[in-house]
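Paired with subunit B in one complex and with subunit C in the other, subunit A is shared by the two complexes that follow.
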Partner chain A sequence: MAADNSNATNPPVVTTGSEVTFYYTAAGTSTVSYSVTTSGQTYQATTTFVVLSPTYTIATATSTVNVNQDNGWQIQLGRSLGTRGVSFTATVTQPTGFSGSSQWVQLVNSFSGKYTPNTLTCTTSGLDTVYPYRSGTSMTDSPNATLAAPFTQEEVSFSFTAYLMWQPSSPSIPVSIAKVNWGWSGTAVFSGSIWALSGAPVVTPPATTAQTASPLWVQVANATNNCH
Partner chain B sequence: MRLALKLTSFVCLSCCGWAQTRCMSDKRPPRPSTEAILRISLGDAGISFGGRAVLHVELANSSKRPFTVIESSAQRSFEIHVVDSHGSEPPLTESAKIMRHIGRVPDVNFRNFAASVEPGDVLKADMDIAEAYVLAEPGKYTVTVCRMVTEFGPVLSNAVTLLVRPQ
Partner chain C sequence: MATVSVPGLSTQTIALPSLTGDPGLRNSLIVQSDAAPGTLMASVVAVGAPGFGLVEQIGKDELTLTNGGGHPWELTGGRDAVLLLFNHSAEAKYFNVKIGNGSVLWQQPYELAPMETRAISIRDLIAGQAKDQDGAVLPQTMEQGEISWFNANPSEGKGRLMQIDPVSQSVAGNRRAARNFSCSYTFVLCGASLATSSIAFDYDSSSSPLYLGPVIPAICLSANPYGCSGQSASHSGLGYTYNWGGNNQSIADVYGSWTSSTATFWGYGVGSGGATAIMASGNCLQSAFGTATVTRGISLGSTKVKNKTTKVAVGQQIHLTATGIT
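After this line comes the complex of A and B, so read on.
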């Protein structure tokens, strides 16, 4: 079998046999040729697949970095209850005659935590906790870091990419249709008996772009495993 | 008289069990709920020393209105609490210490959002008790789970007994 796979992913390693599985991950047309040789005679058939994809819009909102005591002292983007750190609300329009569902997958592009006075630095990247992050068209997140002794200053920086995935009802893998890059950073210091923000925290506003490549990761992000 | 003593012992054990369990985010003693029903069961009631102890957890909304929970990792969302046959808590693993804010590094929570649990919905998770506790001594352990439900406060599960066999 031979195919124009410019709008496909996971091209099959084996392209011979009576059945070949092929996943298209982007809209477009693809010409597929299939050859059979029997008794020294070769027969060829060609067809064109028209691949449709959903259209989407994503509304985003962000909150501010704060220090709170919602679960002990913590520095957080937004709050766990109340104003979310970020919220993404997608409107997905399915191609006529097709159905499916949406989900979000989030990757931690990078995390860095610098904790003093012990000058401990922790870093990580990878899948954000579970796959998928959340089912449905909406997701929110209010990431946080604990503020606790013996540390008196904590500087944290988060960078994320949230992928909007489409799962067609027909047998298929979930495919990515959009991604949202976002992040935040901030520093908290302990003084007297309270923690407070130090300096101006930074919120990287969500930036949405079309995305057809699947999210890739090699580990689940863990902000406490890689510290030195 | 003997019956009364036995009854007293039972009540005391029940109270002690509750007293050991606290949700991290709410220090009120957790209680079983008839609206947010937290059920746990063991994959295997007995494990070999050092083995994996799978705990099945379910939080069901049996009320007629939605309630709210904070979703994170399973270990953060459903807090496992274990006591041995003497009522003492075994040592926590380093990751569990961090989640309870007594670890060597601050806890960082990437996935953190409020979710509405609709009437009839059930949240499920499978966890490994050995990821939270170092069960270094063979014996019987009592396992409970606590989960914060915004509308009801800290909710307590049923208790199950885990037998850790000698190697």
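After this line comes the complex of A and C, so read on.
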């Protein structure tokens, strides 16, 4: 059995046997064919799928970078005990005749932290916290870095991609329908007895694009695992 | 209802009371006799009806073996032509009507309820551009031709062509007379064929919406009412009985009605299986042969999707099974 389904996650380019299982991840039209040869005769058959995908809109909101003591000293986008750093609210319109559920999966594209005076640099990437990051159509995040002795200056940079996923009724898999790229960076210094921002932090505002490829990761991101 | 006694070798005229008939000539008078077949002949003459000065109807024996009739018709000079069909049986019956003139052919079956008389005006068919079973219409310039009718079996009905001539005929001083013509024929079933004689469909499924048939009768004019051959007369008609069967039931067999003019099949095995339709009329049985080919299919779950377009959602599991592979 063979399919011209370039939009399938498991493209059965050529599969022997009388059964095949796969999933489409993008809307479009796909034709699947099979041929069987028996007793010197070859039979062919085809079937066509019109693959439907939900439509969506995503409303985003972004807060500011600050230093606070919501959970000890920390530099943070938004607040742990106040306005969240980012909030994404999706409106998903399901294909006619189908129902399903939404979720968010977030990847840390990169994190770097430079810690002075020991000139310690930590980096990480991978899945943010847990899969899925949030169930439902809304998610918030207020990423932070702890500010603590013996360091007197911390320079941090975060880059994230949040994937809006949709999963039809079982049996099925969740598929990505959109992604939101966002991030921020900033520096805090310790002077006297307090931490404060140094310079102007930078916020990369959320940018939404359609996305059909699934999020891929090899590890859960951990900011303390790769320091040197 | 009245009973009279007619002595042998005599004629008796029975004056009927003033009757209010149907303007469309759809009334019938039934004369029944306890005499031996062919002993009593009857005719009815109606005089003075508005629009029809005189109408004469020669009686017809319901037990006669002729099952059809025909006659030329003409509409020139204000003439009119009306086909009168009468179902004297206890069941609904089809009357197959054919109107022709050279290259013109108009064919239409009419189903009449028991004891129903149907008047079919050729002028109205032309003026109304009535479509026949094949969508054909009679040309609006058509003024003469031949008309014929037949039942599938003997003793189901009777028909007459009422030719109405308002000027050229004069009977008993009345210048508006209607004359009936009733040439009787015997139409026999002399062959059968299938309009669709070959279908291909998936294993383990119904052929629907595909089907074999309908069975097309070959109708012949015959001098022998018990014969099954004769001069070719028509290839259209309803009212016959049918019986279908699969010749290789391990591949395909009838699925649904066995007694319709069409038959759907179920695919029991991959391959090509023959099918036979037997068409019956009177004592004539005619066969038509077709082919039901069962092919391998594709199933999405329990749904057959071969050569079809199916809507699915992203993320939905697509589990396809090729069917008919052993």
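Here, the second predicted complex is superposed on the first by the 224 of 228 C-alpha atoms of A that agree within 3 Å, B and C clash if a C-alpha of one lies under 4 Å from a C-alpha of the other, contacts with A are read in each partner's own complex, and residues count from 1 in each chain.
One rule holds for everything that comes next: a contact is a pair of C-beta atoms (placed from the backbone, for glycine too) under 8 Å apart; a residue touches a chain by one contact, two chains touch by 3 or more.
Since we're looking at a predicted model, the values are computed, not measured.
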Exercise. Label the relationship between subunit B and subunit C on subunit A in the superposed model as either fit or clash.
Key: fit
Quiz item: After lining up the shared chain so the two structures overlap, which partner does A:Val130 touch, if you call subunit B first and subunit C second: first, second, both or neither?
Solution: first
Quiz item: Touching A:Gly100, do we find subunit B (first), subunit C (second), both, or neither?
Solution: second
Practice problem: Using the superposition on chain A described above, determine whether A:Leu164 touches subunit B (first), subunit C (second), both, or neither. | Solution: neither
Quiz item: After lining up the shared chain so the two structures overlap, which partner does A:Thr25 touch, if you call subunit B first and subunit C second: first, second, both or neither?
Solution: second
Practice problem: Mind working out whether A:Thr47 is in touch with subunit B, subunit C, both or neither, as first, second, both or neither? | Solution: second
Quiz item: Just subunit B (first), just subunit C (second), both, or neither: which does A:Val180 touch?
Solution: neither
Practice problem: Would you sort A:Ala90 into first (subunit B), second (subunit C), both or neither based on which partner it touches? | Solution: neither
Practice problem: State whether A:Val67 touches subunit B only (first), subunit C only (second), both chains, or neither. | Solution: neither
Self-check item: subunit B versus subunit C as contact partner of A:Val189, first or second or both or neither
Solution: neither
Self-check item: Centroid geometry (CA): angle subunit B/subunit A/subunit C, rounded to a multiple of 10 degrees
Solution: 120
Self-check item: Nearest Cα pair across subunit B and subunit C, whole Å
Solution: 26
Self-check item: Residues of subunit B defined as touching subunit A within the complex
Solution: 24-25, 68, 70-73, 95, 98, 101, 103, 105-114, 150
Practice problem: Please name which positions on subunit A make contact with subunit B in the complex. | Solution: 70-72, 80-81, 84-85, 106, 108, 111, 113, 115, 120, 122, 128-130, 133-134, 139-148, 151, 154, 156, 158, 160, 221, 223-224, 227
Quiz item: Touching subunit C in the complex: which residues of subunit A?
Solution: 1, 8, 18-27, 32, 34, 36, 38, 43, 45-54, 95, 97-98, 100, 166-169, 171-175, 177, 212
Quiz item: Okay, in this complex, where on subunit C does subunit A touch?
Solution: 270, 295-298, 300, 305-322, 325
